[in-house]
Amino acid sequence: MDAILLQILNGLDKGSAYALIALGLTLIFGTLGVVNFAHGALFMIGAFCAVTLQRLLSLSHQVEVPGQVDFLGNPLMADVPYVTDWFGEATGNAIIDWSVPLAILLTIPVMLLVGYVMERGLIKHFYKRPHADQILVTFGLAIVLQEIVKYYYGANPIQTPAPEALSGVAQVLPGVVYPIWRIVYFCFAALIISGVFAFLQFTTFGMVVRAGMADRETVGLLGIDIDKRFTFMFGLAAAVAGLAGVMYGPINAPNYHMGMDFLVLSFVVVVVGGMGSLPGAVLAGFLLGILESFASTTWATTTLPGINQIIIYLVAIIILLTRPRGLMGRKGVMED
Amino acid sequence: MLGLNKKDTNLLLVVLALTMLAPFILNPFPTDSGLAQFNAGYPDLMQRFAIFGIFAIGFNILFGLTGYLSFGHAAFLGVGSYSAVWMFKLLSMNILPAIILSVIIAGLFALVIGYVSLRRSGIYFSILTLAFAQMSFALAYSVLTPVTNGETGLQLTLSDPRILGSSAAADGSIPVTNLFGLEMRSAWDMAVGPWTFTFSAGYYFCAIVLLVAFYLSIRIFRSPFGMMLRAIKSNQTRLNYTGLNPKPYTLAAFVISGMYAGLAGGLMAAMDPLAGAERMQWTASGEVVLMTILGGAGTLIGPVLGAGMIKYFENILSKINESVLHGWFAFMPDGLEDFFVAIVYPFVGKGWHLTLGILFMLVVIFLPGGLVEGGQRIGAAFRRKGKKAGGAEAEAAKQQPGE
Amino acid sequence: MGILEVKGVNKRFGGLQALGDVNLSVEENTVHAIIGPNGAGKSTLLNCLVGKLIPDSGSVSFAGQSVLGRTPHEINQMGISRVFQTPEIFGDLTVYENTMIPCFARRDGTFKLNAIGSVGSQTDIRDQAMAMLEDVNMADKADVHAASLSRGDKRRLEMAMCLAQEPKMLLLDEPTAGMARADTNNTIDLLREIKEKRDITIAIIEHDMHVVFSLAERITVLAQGTPLVEDTPENIKGHPKVQEAYLGGHG
Amino acid sequence: MSTSRFTRRGVLKTGAVAGAGLALPTMFTSRANAYVNEPTGDTVTLGFNVPQSGPYADEGADELRAFELAVEHLNGEGDGGMLNTFSSKALKGNGILGKKVAYVTGDTQTKSDAARASAKSMIEKDGAVMISGGSSSGVAVAVQGLCQEAGVIFMAGLTHSNDTTGKDKKANGFRHFFDAYMSGAALAPVLKNEYGSDRRAYHLTADYTWGWTQQESIQASTEALGWETVENVLTPLAATDFSSYIAPVLNSGADVLVLNHYGGNMVNSLTNAVQFGLRDKQVNGKNFEIVVPLYSELMAKGAGENIKGILGSCNWQWSLQDEGTKAFVKSFGTKYGFPPSQAAHTCYVQTILYADAVERAGTFEPCAVVAALEGDGSSLEGVDSASNAGLVFDGLGNGPTLYRSADHQCFKDVLVTKGKENPTSEFDLLEVVEVTPVDQVWYEPDHPMFAGGDLGQCNNGA
């Protein structure tokens, strides 16, 4: 019983990441009709916002440690971060300790800006181009972005630990413990998802965008400048991906190709959810996350060896064959 | 000639000349010069050009004509390779039966996957093919290791039974792949002044297969079947209400392009008898998509150009290291030399992906029709300049409009 | 016995009775119009005829054979050609190629893997297609990409494509919807010409009375999924039930 | 700056015709050269094939640094590094056999296909006589097979699978790095000392060949000490989040978790395991422990805090105090500013060993080099076995070492290491807990985990 509960929690947690990425991807698909292969790279950039902030906060000057030598026999130098000089040892270290949550503040403007630049500078010119061209240009962009990150940060994963207070495990039920940060991640994802839905549901802006998703031309005819709103939507989608990335850092150490690792999965999630459907994307994210978790159990892998390797794809095939447009897809979106 | 019209015949002749003379064309720099780094005329890479050219030509029959974007075509290439290597292990080192079997097996595999996937269209189709290919890859890498030898890749051993032929050669090594005795790895070298040109049996075999594949693809493009496929891309509703059933047409295109992929996979194994699971990964499927779009989807020559471009970058650029750069810029004063090396360095060697990414973006931004459009523009520019004869490539490319 | 026989067809969508006990008989070589106000079930009926929808009950037969359960391309091969509200043509292909495809469909059936011979060597098909284009005065546009044609030419091309199959029956779905009066008249003339030149049955679904009364020999009036009357145009004009259906209730 | 030029195979071969005349075609397979890529100019080209893209790019970069350093030392530049401490004095710092050493590099992408393509271009285009490098067993086995067919020498880089010198061993291939069996044999006694003999182990294993041989080895050697294996769960290579594999460990009754993962897989699975509080857990009245049988400095760096106190095994560590290590760390550190990784060390040593063998053989001919590397049948002290014969050398950082002629595997002491609790610098991540002597990690060439292969005949490619 506990095992099942744990796997559900794991599934929700994996699902949170899938759902957040798929949500952004669907916003771009649904609103702009663009196949964005660079979406995984946005997720990765988000995670590296945390790395960058952590590095900035840890910027140090070197102090000689008396009586010790380094590997070459020179006097050993210890790094002393400037923040501890400025704010004192305790406060300084606390700031560094909380660098991941603090990075959220950095991520939002950075990602909005990245999204804005990307849309205005590049994607805008590809709305009317075939999907094949969109794939090529966004894939090229994804490679460029990740190579830039690799150039500056290397290929090795870089740990971005959760704050001391939020690491470790919490008692969920008697006898069941679960990592605190993973619970935080799930809540954070739920918050972001409901935020996006509320925004689209209850604001005039969101209403126009939803109308635009349904029928872009008509909304255009109403004299509403839908383009500007779509630019903002792109920024929003980038921000959602970035936030998903920045908070993911403590779960798995960021590396430059983490975006590519998620890219294919998130496309599967979006399509299984159904093209153009935001609730579908979220639902599919959680569904596939939970199924993946259960397929990893010993019971599943002994019954069907290798099931954990293919579960997501197998489920995707079954769903697409039984429900032609995925779980909640709209007719005519990306069907040709 | 050969049932082609004049334009297509010219195109075929140009491709014939390019493939047959490739050892010269691809080795323009003297062997001892610093620029020899850019020479691509060595057997392995020339074979790869031809093999991936075949792969992309086949993919283009599906994607370029019908518009169905398969994201799992690498699976057929992988299956083809595995079948060929198994043929080498069990039957004989002659490449002909191996390649025939890989085409057949890949075709059957494509028939099954295509039959299921083609029940959906658009992105739903793409994801179905992706899912099948990823499943094949994941299983080949792990659970199916007895058949595929997993991570290491299926390779020949000294204990292979090999019904027609011996387990080991006379000198105790593993026998090499051959075509009725002609070893695929044999090669002739020709030294002309400072240049050396290598003529490899394997490459010429691949080149001939490429020519046949290319010729068949022209025939398919110009056939009523090809016209139906373009009609499918254009308007399936109309096709349905014109009394034509799109399903068997798309399925046939899918199987044909799967067989092309199997042929490429079989050739790959014939040139180098090892089949790795990574051949089936989504990145490999994505690569052929990129090759086709980069070259120009729906054009005859485009996919071949795209394949050549990507393989060239992968194999040539990745080998340029810092000391090679210092070699190039050695004529400059030290400070300037270091400066140029520092500028170029991020784009070569371990940074070759970056250059490839930038290239993708530049091509798609400035040449929406892919490299073929670039060729057309150059051709047009040449014609404006007092109707000078354009380069062969541009000439070849300009045959293409209207596809 | 008409060429197209619809007997007791019912179709429900959830709680909505879209078609209720529809009976219809179209005589060979006549122009038969089906009219009715919006929501009368015209499109549903049409979709039942071409195989896009399957009726819940009843039968539809064409030239003595049931069409039920057949797919659109099979029904087309039986001899029903459909013209769409907005012209459906192969935009990426040339006008000539557009016209050749139905010729192939007529000769080779629903599928033939003719992958090696070139289109250029199919002389019979090329001649047929060219003759058809000359017939509709579009031979000069043979090499134009169909997508760049004017709306009127697209309609003309679509008709040519349908006729190239030499169908027994032409099924038109509001062919003049959204057209200006002049274009509408052109279409009427085109249809008249077609009718004069060959033996063909035309079924036309329309709500534009002008078109209907210019062309039709028989008219069926559909209202709320049920045929009200079927008669000649003269008798339909001023028929009280028709006015009731169109104007909704009696004044 | 020095220019490195490449002698391309056969530039001046077989009386090549000068000027513009056409040469008579000579069959590749029957040409006048005695062996493939015979260096005829005044340089000799080595091929360094390392991962430059993909997750192991940093490890590849470190290997490349070591190669460059080795080439420098061979050519008599720099401080000579381990050439000064190496027991064989054949190398004189004037290149190899008087020919200046040049090198070419390539990207394996950690894919067997790409690695083979890259190696092929080095052999066919650049005329390399030896290929080295790599950071995974799949690549090593694939490239080793290629070198065997082509007739050049393969000096494996980082490869840890039993298969490399087991069922996939080749006459033209040599491995200096240790293997999974040795990891198990070296770790087991330390595990017993530290954690006792009554332990229940839960294995998570990467679902591919290396993972399996690693798991098999560890399970065998721990069970021999009395440990019980609760469960072995295979995880997909592509997995990034291991939570669903870690969670079942919590209530499995196991008190040790063995992570048979490498690279990114290992960093993630270890991070996840620590997240789930496994390190602070008490089971069966004992502290729960995590073991990572193979890790590297880069992985330790990637794992950050999580590596602290985790036991594992290494081929070599820069903090060793023998003369060879000190010399190598000094020249590497002086040139690059940080200490070398074990991958760098093994690549450096392999290059030196190859050069030494050529020098002793007096020719680049592969079969002669193989013979030189197989040695004179001398044996390692302290091991009583008929197969204890081959090339014995010292001074390259691991103490006395045997290149065993029966399977081309190196035998030397194996290090058991632990993540340092209080690192003094960012490089100071691992401490050596125990140097397991070679006789404890010894196995016979026909050991079941290595059986099934055949070295075959050396191949000159001619």
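Order of writing sets the chain letters: A, B, C and D. Residues in each chain are counted from 1.
Keep this in mind: a contact is a pair of C-beta atoms (placed from the backbone, for glycine too) under 8 Å apart; a residue touches a chain by one contact, two chains touch by 3 or more.
These figures come from a predicted structure and were not determined experimentally.
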- Task: Grab the C-alpha centre of each chain and report whichever is closest to the global C-alpha centre.
- Result: B
- Task: Looking only at C-beta pairs in contact, point me to the busier pair out of B-D and A-D.
- Result: B-D
- Query: Comparing centres built from CA atoms, which chain ends up most distant from subunit C?
  - Reply: D
- Note on the structure: Rounded to the nearest Å, the gap between Cα centres of subunit B and subunit D is 33
- Item | Approximate Å spacing (C-alpha centroids) for the pair subunit A, subunit D | 36
- Item | Whole-Å separation of chain centres (CA-atom averages), subunit C against subunit D | 75
- Distance between chain centroids, defined by C-alpha means - subunit B, subunit C (Å): 47
- Query: In subunit D, which residues are in touch with two or more of the other chains?
  - Reply: 57, 207, 234, 236, 238
- Message: Using the touch definition from the top, which residues of subunit A touch two or more other chains?
- Response: 309
- Which parts of subunit B, given as residue numbers and ranges, touch two or more other chains? 138, 141-143, 353
- Task: Just spell out which pairs of chains touch, all of them.
- Result: A-B, A-D, B-C, B-D
- Item | Residues of subunit D that touch subunit B when the two form their complex | 1-6, 8, 10-11, 13, 16-23, 25-29, 31, 52-53, 57, 60-61, 64, 68, 103-107, 111-114, 116-118, 120-122, 124-125, 136-138, 141-142, 145-146, 148-149, 163, 168, 207-210, 234, 236-238, 453-454, 456-457, 459
- Query: For subunit A, which residues are in contact with subunit D within the complex?
  - Reply: 2-3, 6-7, 9-11, 13-14, 17, 65, 68, 70-72, 76-78, 150, 154-159, 161, 167-169, 177-179, 181-182, 251-253, 255, 257-258, 261-262, 292-294, 296-298, 301, 308-309
- Considering the complex alone, what residue numbers of subunit B touch subunit C? 3-5, 216, 219-220, 222-228, 230-231, 233-235, 237-245, 248-249, 252, 256
- Task: Write out the stretch or stretches of subunit B touching subunit D in their complex.
- Result: 31-32, 34, 36, 39, 42-45, 48, 138, 141-143, 145, 149-153, 155-159, 168, 171-174, 176, 183, 185-194, 196, 198-200, 272, 274, 276, 278-279, 314-315, 318-319, 321, 323-324, 326-327, 330, 334, 337, 349-350, 352-353
- subunit A contacts subunit B in the complex at 35, 122, 125, 129, 131-133, 135-137, 139-144, 147-148, 151, 264, 267-268, 271-272, 275, 305-306, 309-310, 313-314, 316-317, 320-321, 324-326, 334-336
